[in-house]
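Shared between the two complexes below is chain A, which pairs with chain B and chain C, respectively.
Entry: the complex of A and B
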């Protein structure tokens, strides 16, 4: 039985269908992003050393949160063991510097080595799912900590000092560290954005909606999750490399601490899990709260944890979700918008939100 | 003969791990909830014991008379409020909320107590031992903990297989909707299962607090060892969990005999080995969950 409503629901013959990535064309967004990066790059000349150092911490946190968001928010891989790669990243930079490589040049290698090490780790961990996967990532972090603590050349459990950096003037060194941190954070956001816009993003969206359905139509789910795991390992490795570059020493119990997982998880949940903007918002909130509650010791961690738990329960899309519900603002458009223009060509088309 | 001694100690230590694992296993098996605050709750039980013992002038060994009932009630109420709320929102929420709870508990203990370590005073029991020969002596406390673990596992097994509430718990775990259609109030059944699980967590925490010293951050390794015992033994099998706990305990004990700092690492490596070659565990017929 054909009714006239069918014509409204389906594009009539001759209707033009367009698919765009944003609801409105946003050619200026790229320029805004470039300008923002340019302003941030000039910061060491504009603000004092104290603020520059805090911004470095912020970029490290942003990188970590973006990586955890990619894992848990998009690929469903809830890891509480990313400190494995933070610690390994720190120690790769340390070892390469001990061998005589310039520490800043060792930073990209730390990311590459962590991605390479993540491959065999993923073979083991991907045998478990959900919550058991989460605890297993933590076991791996603890095991790697114990192995690293055994090498006296790495400072054992007590710590080691980064060589090859003493000749650089402190302010120059801070500026280099700052630019490295900015580059890593921009790369983390950029790679996440490009990955999610591509085929991988499509597979992950399909998995999020229905994993069995996605597998049954041939989506390479295992491949997608493995790529995400490797990328997250590389990002966390780079963040770990930045940690040793900014602190100039490394202590195994500190870089392999589960507190890193707590930080990246709290930042992502408070900002909004499953959105690219969430970790940015969360990092800003986290850094500001840290400044405000600096005198209260562990209470600030308790307060943040409580806020994160409350948000996870009652407002799971976080602060960015709250904003995005009210204002149509998508700095990182990774969804699809389907437009059906009627055949009169009057332009009074109907927009349909596809996937976002 | 030093190896036989290590073996015996490891087997007894395995009892502690199995006792600790059964709360984790029960919550997951019945309602699919992974509790990342599992170890921290056990440590809270130990702290509660060192608070109530001096107030009530109880001998340390009787701490469980007070602490376990408190945790049983906490388990039921916690399930009906917080745990059920996270279950309704999906597994991601359960993980995030329990991880948040873990971090909150650790930091709260640090603030309210201190980073120092404590232990539950059990008097002369801590040094009492049965001497078998010049090389092997069995600590009475370890033996007692092992016996408590086995009795607890047998008790839970009997409860699940023979009693009405046990049948309801299994029915709800197998097929919640079908159980509901037959008139089961599943939230109440979940509450009882959680009370049982959290009760065993308290028991494990007390046993650990008597066996060893603990500090606010001891909970993390408690969770990891309990989890390793579950996976090594095979998911979803209580007897497998005992076997897993014993394998883990023996590995750690033998590792420590080679070098005191190798114990925990040896346990982690055996866990990863089991994951690599037999992810369904020793007793597991089921696929890894």
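Entry: the complex of A and C
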């Protein structure tokens, strides 16, 4: 390779470059994803109400884990207070339903309101770093819980029933909730994918690896983090809205519980933090474990803890990290692959530079 | 005469009892190549931190092209044309070599789309690691990491390039390759400030040398004159290795006698 003396302003004359988003073209991946969503969308007609309800829980968990992965796995924002937005999302749906809005139509508004509320919260929290940030997110969640508990119209500390839903037949209602949950989960994954695939994604991946380095190459790290915080608030708000739609009531201590953070962290860690695929794998494993161990009472939690410890020690990048190292499978191509066309002779063969 | 590219006015910085900059003032003209030497703890890397925005000075002002930038963070300064390398290279290990250069081209270099791809590939070609473009940066050895560190700084299209010991830990032929890269960067118009213990690498590029000790400038001028300065030799020549490297560079008359 001849070196160029003109790296700074003029393009090098020796080589034309081409960039693809993965090493090999993968036209079928989009179709596979589409087919998967279509099959999942047909589920209420194919399986019983029990399984449908469990899948709703799974989609909520997948949404939460994807958001936490974006926060902690990419933006370096280790939050243990996302239940702030889960709870707020539930209550936004409740309040809008109390005002007469159809609860399912209130769901997207819950996401929007949570993103809007996340902005002033970020002004407060972004002054803190690391462990202080993490604790402060939890403090915010508990503070919001205390405020919400003081409104009798919201059921105080004891809870409130979701109005405007009694007229719908139970199975129809379950199907609507299911499709809403599927839509939210697909949107969460889709937004995460698009976010990571664009210019901002490169910044977030760099922040994941080295925040100081990212700043030194000109990346507006604070801005990128704020975007992620707002997106995660919207996602967690939508998940909270799904909770009240599936349970038909809301109890403040339950939706604002730190247990939600524990769950999303667990799912992300076992699946693989800092990868798009990790939360999907983690959710599947978590739901299966839950099914297998449902009858064992307290042993369930002991088994979950053991699984988390073993995976954290044995494969710090989670189950997906373990798999991805062995089979070069990237269902979500967000990287950049450089091809160099050598200009040394007319019609010269395309030389691929680099090895994997 | 136009404003200097970089101006430091009365910069002071201390960490507890340790003074890393003591009322320090320095001007760098466009296209200058300035070397900085000094014993460990003299405040060299801290000075880079103050210029690049990683550190905030206690007092004093930093100007770029006549405009105050003291209040700007590292990202904003990178966008204004200050590129820096770190003493210990800090590649984004989970990203490929190309992606490492690409983010610098897009953010600090303010390019988009195909222009950013071309710029990233060009700096990789210029620093001799284009062949590694699709490898994860975490797999690179020391020399390749140093090349990538340089490539990333160049991809931000700097007007002022800060090099922090890019030659440390390398063999002589490797140092020669890096010197060639730095000379090309200089030829393309960037001003350079280079901190280096490998003095022979430094004097191959710079035409001005600043010696720092205790956060103060104790010598500033043509390299051979600065290195012959008694004050500079006093803080420096305590160690045999440095004396030898001066002699090897042919800079200190009579160092071997």
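Going forward, the second predicted complex is superposed on the first by the 316 of 356 C-alpha atoms of A that agree within 3 Å, B and C clash if a C-alpha of one lies under 4 Å from a C-alpha of the other, contacts with A are read in each partner's own complex, and residues count from 1 in each chain.
The definition used in the following text is that a contact is a pair of C-beta atoms (placed from the backbone, for glycine too) under 8 Å apart; a residue touches a chain by one contact, two chains touch by 3 or more.
Small disclaimer: the values here were computed from a predicted structure and weren't measured.
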Touching partner for A:253 - first (chain B), second (chain C), both, neither: neither
Which of chain B and chain C A:190 touches, first, second, both or neither: neither
Which superposed partner A:163 touches (first chain B, second chain C, both, neither): neither
Touching partner for A:340 - first (chain B), second (chain C), both, neither: second
First (chain B), second (chain C), both or neither touched by A:218: second
Partner chain in contact with A:198 - chain B first, chain C second, else both or neither: neither
Touch list for chain B against partner chain A, complex: 28, 33-34, 36, 85-86, 89, 91-97, 99-101, 103-104, 107-108, 110-111, 220-221, 223-224, 227-228, 231, 235, 261, 264-265, 268-269, 271-272, 275-276, 279, 288-289
Chain C residues within the chain A interface of the complex: 52-54, 73-75, 78-79, 84, 86, 90-99, 102-104, 106-110, 112, 114, 117-123, 125-128, 130-135, 152-157, 184-185, 187-190
Interface residues, chain A side, partner chain B - complex: 72, 76, 78, 80, 123-125, 127-132, 134-136, 138-140, 142-143, 146-147, 149-150, 258-259, 261-262, 265-266, 269, 297-299, 301-302, 305-306, 308-309, 312-313, 316
Interfacial residue positions of chain A with respect to chain C in the complex: 1-9, 11-12, 14-15, 17-19, 23, 199, 202-203, 205-206, 208-210, 212-221, 274, 335-338, 340, 353-356
